[in-house]
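Paired with chain B in one complex and with chain C in the other, chain A is shared by the two complexes that follow.
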Partner chain A sequence: MRHLISMEDLTRDEVVRILDVAEQLLPIALRERRSVPTLRGKAVCNLFLEDSTRTRLSFDLAAKRMSAEVLNFSAKGSSVSKGESFKDTALTLNAMGVDCVVVRSHSAGAPVQLASYLDVPILNAGDGWHQHPTQALLDVFTMRRHLGDLEGRTVVIVGDILHSRVARSEVQALKLLGAEVVLVAPPTLLPPAVEGWGVRIASDLDAVLPEVDVVYLLRVQRERMRGAFFPSSREYARIWGMDERRLGLVKPDALVMHPGPMNRGVEITADVADAHQQVITEQVTNGIAVRMACLYLLLAGEGPALAGDDTEEAA
Partner chain B sequence: MSRLFDADDVARMLRRLAHEVIEANHGAQNLVVLGIQTRGVPLAERLAALIEDIEGVPVPHGALDTTLFRDDLDVKGPRSIGETRVPVDVDGRTVVLVDDVLYTGRTIRAALDAVSELGRPARIRLVVLVDRGHRELPIRADHVGKNLPTAYGDHIKVLVAEVDGEDGVVAEPEGAA
Partner chain C sequence: MSEVLLRGGRVLDPASGVDGVRDVHVADGQIVAVGQDLPVGGDVEVVDCDGLWVAPGFVDVHTHLREPGFEDAEDITTGSMAGAAGGYTALCAMANTDPVCDSAAVAEMVWRRGREVALVDVFPVGSITKDMAGEELTEFGELNRSAAQVDFFSDDGKPVASSLVMRRALQYARAFDAVICNHSEDPDLTVDAQMNEGAVSSVLGLPGWPREAEEVMIARDLILAEGAGARLHVPHVTTKGGVELLRLAKSRGIRVTAEVTPHHLSITDDAVASYDPVLKVNPPVRLQEDVDALRAALADGTIDCVGTDHAPHPPELKDQEWEHAPCGMLGLETAIAVVLTDLVHPGLLDPLTAIARFTTGPASVRDVGAHGGPIAPGEAANLTVLDPARTWTVDGAALHSRARNSPFHGRELTGRPVHTLLRGRFTLRDGQVRASEEVPA
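This part shows the complex of A and B:
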């Protein structure tokens, strides 16, 4: 694994390896000293060209818990706002000698472009409508902790699939792990090529709920919508929102998940959000461990990352 | 591959090591026995059980993974991480580290760092089943099952039933896989 840009680049074994490493890194947060010295002397640059709170904080903390140095770079207040080109920004980072760049951008493909300018690992923290691999990894990690092996499990993803980089990555991650994916969305918010995704499309959420192990609610992304994709928030809540009545339709041990930030009253009612706050909070905690695992596997050494183990070496 | 010690030999070594640990500690109070992943873990479990048997007091035991503290990740690349499981607070206790083979000492160096991340033990002792020499760091074991002088390239392997299906110590000459 040279970069982590798209879930499409990963094999099932690589995904399992990331999740297994994250599982062992999770308890570090519970210790008195919440860091390990593994990435001491490495510099990680968080290049955030699009607004983000939780993902940036999560990457920041993940790098610090591994003892890496962190440079935070956001578009506002930087030379980017003075008109510096993406390429020049990249070359500046290269000259500064960073060891890894975590990039968030509103343009799909920015991480791939960055990888062509720099010879350090690139970690995609969300690019346009394209991919958000660490979100998908932390979600399947959370599901695996609750449900065990995801082989044969069913996950319904509800909401704005069209504008969602989370949905794209999520579907690929779930399919790699052998889960069945059902998408329920307003027809206007389904991408044109969705038939090729290898998922089931359903229109009636109520009919799907009794068979699923996970209900994954996507955020209604008003900032990405230019035009009327559905009549109103109330209409959306009625047809695709998760409320108390719908909660009664799912299996008692099913998970309700949301990548955050939530629009309470639109895709999820305040009651359901509060009742399932625990899993949604876990997603945040787990996100740090998963990002620590990604940084570890990308940055710890020049050796064959994600290759077979050699724990046989004598002590 | 030649067999140097069989399962009975290993059992005798462990019994003697249990007595040595108890003697040095003046009993079994305040101990926590931590096995270094992978083969140190079952050895630690057995050592703790033997000490419990002899002294009649419960001896907490667990597992320690040193991967995140190693100094050779840059050379060898990232590897999988084993479980670290420590059942009690190590502050003020005597931590007994257990490993199968003591060789360069680098794993133990990493283990000392890993333990100090967990707290501040009163003291740390090291128990190994086999000491084969060729230290690269100023580290020694407090209690040793067997000292085995070896050539640098030799491969000494401790077999543990929980991992390998049988107990024993075998040698593989240089070049053998």
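This part shows the complex of A and C:
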């Protein structure tokens, strides 16, 4: 694995390998000394060109638990507005000798461009509406821990697919692992030519819920309401929101997931959110392990993920 | 001035319909004889054109020369050099300069700079509205009666969104038999748009520029032009649906001309997967079915001409994230090569028709004086000589433009201008641009 920019770049085996390594690394968070020396001496730069607290903290912690040095570079919007071009920013990082760049950008494709400027692995922490591969990996990791093999399982993704990098990565990750994906969304929030994604499109959420193993809810951005993609948040909640009544339609062991942050009262009612808080919290914890696994596979390659760890036996 | 005899080339002259081997004798800036085995006098320089094509100098109705205001991207000198290297003798300089070409002062400055550089004739395009703001009409009469004699008005990339302003522009232009060229884009449908809307934009996560946005605007403008009885030019058509609207309009007798760019004839939106901002252009590159429809429309005359929309941008603006990079591509030096490589050599377009789309076609869009042919005694010697078989690899940085944003960088093309003559003087000789040694009048 040279870079992790898009789920499209990965094979099924590579996804399974990431999930297996993450499984090995997960217990580190639960023990007293929460780090392994695997990436000691490596420098990871978190290049965050878009506001993000949760993802940046998760990557920061993941790198530190692997004992890498972490440089945090944050700038909002185009760096050209500050007089430095995106390319110059990239060349600066190259000159500093970083070993890996974790990049978050408002601009779709920025990690692809970065990879053309730099010789080090690029890890995409979310770019525009394009991709957010580690979110998809932590989600399928969480699903796998609850459901086992995802082959033949059915996942419904509900909400704003059009503007969602999570949805794009999620669909590809689930398909790689053999799951069936159903998308339910207001037609104004479905991407163009979505029929080509190899998914089922449905408009009646109630009809879909009884057959699914996972209900994956996407955040509805407030600015989409101003853009008149749907008439009101009240109508959205009624037609596409997850509430107590709809919860009664799903199988008892089905998971309700959300990439956060949640809009309580729009895509999910407070009661449903609280009832499923545990899985949503697990997603956050699992995210750190999955990001540790990704950093390890990009930077250390084939050696054991817990190399040099003399504290405890690996789980 | 010395005399030149272009010996034994295949003369392709759409204005007279000639396609055959002829000698062309040029003296004192004019064509003095066209025929087979013309006699050679003592002081005549003979240029062997065996195996080459001799055509009228090309005319581009859609060029961004960037002067005044954006000389870091291009100026009239470098743009004229690119034009001469591309076989052009006439360029129409778009109005989106700084200041905008909405006054006789700017139009005459652009026109005079073209004369001074003397590599091509520069015909300024006036803006439709003052400062291209889409509100008040530019003084068409002032520009028309200036030395630049502007008869072609466009707000370039800014569509005239108001149907009322567009209708008035078309009506008012009739006083000068001027042409209104409106960028075909309904701006409500393209907020934040980055590339063609479709399967590729969907996967790449880039906001889509739907084909409907172009077609809605073409339809509106055709209806308004028909009502006003005015002349409309549709720039850079990109969609199959747009072609169908034009075909219908022409069959109804609406006074419309249309252009297509070389890039829309050859590049599809799947290339955007590289996120290389050089490929960012407005309107965006579309689908293969659109490319096929555009090629057919260029061949059957539904589209009158190839217009380059040559749009230089400095590297620092293109070296940004896709969403921040400006739209536009270089075109002058690769236009004929792309059409030869992708349309003529594969047999989709015959050579005479291809040349027509660079000469008589654009010359029918607006008045460009003695450009576009015919190649006949008494006509100005505005000529280009092409090697249709010459294979070359495009190097964006090696082109004459100050900028280097060529979408064809690295591509092998077949066909290239060898000589260009403006009023009998070589502006391109053996592939080398030759600066003017004359002092302008």
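Methods note: the second predicted complex is superposed on the first by the 290 of 315 C-alpha atoms of A that agree within 3 Å, B and C clash if a C-alpha of one lies under 4 Å from a C-alpha of the other, contacts with A are read in each partner's own complex, and residues count from 1 in each chain.
Methods note: contacts are C-beta pairs under 8 Å (C-beta built on N, C-alpha and C of every residue); 3 or more make two chains touch, one makes a residue touch a chain.
What you see is a predicted model, and the numbers here were worked out from it, not measured in a lab.
A.B. asks: Using the touch definition from the top, say if A:107 reaches chain B (first), chain C (second), both or neither.
C.D. replies: In the superposition, A:107 contacts chain C only.
A.B. asks: By the touch definition at the top of the document, which applies to A:301: first (chain B), second (chain C), both, or neither?
C.D. replies: first
A.B. asks: With the two complexes superposed on chain A, say which partner A:25 touches: chain B (first), chain C (second), both, or neither.
C.D. replies: Only chain B; A:25 stays clear of chain C.
A.B. asks: Can A:87 be said to touch chain B (first), chain C (second), both, or neither?
C.D. replies: So A:87 only meets chain C here.
A.B. asks: State whether A:46 touches chain B only (first), chain C only (second), both chains, or neither.
C.D. replies: The answer is neither, since A:46 touches no partner chain.
A.B. asks: Output check: A:269 vs chain B and chain C. Expected answer is one of first, second, both, neither. What do you get?
C.D. replies: Neither partner.
A.B. asks: Which residues of chain B touch chain A in their complex?
C.D. replies: 36-38, 40, 65, 68-69, 73-84, 99-104, 107-108, 113, 117-119, 132, 155-157
A.B. asks: Under the touch definition given earlier, write down the residues of chain A that touch chain B in their complex.
C.D. replies: On the chain A side, the touching residues are 17, 20-21, 24-25, 27, 31-33, 36-38, 296-297, 299-307, 309-311, 314-315.
A.B. asks: Give the list of chain C residues in touch with chain A in this complex.
C.D. replies: 194, 197-199, 201-208, 210, 274-276, 316, 319-324
A.B. asks: Once bound in the complex, which stretches of chain A touch chain C?
C.D. replies: On the chain A side, the touching residues are 8, 78, 80, 85-87, 105-110, 112-113, 127-131, 165, 168, 191-194, 196-197.
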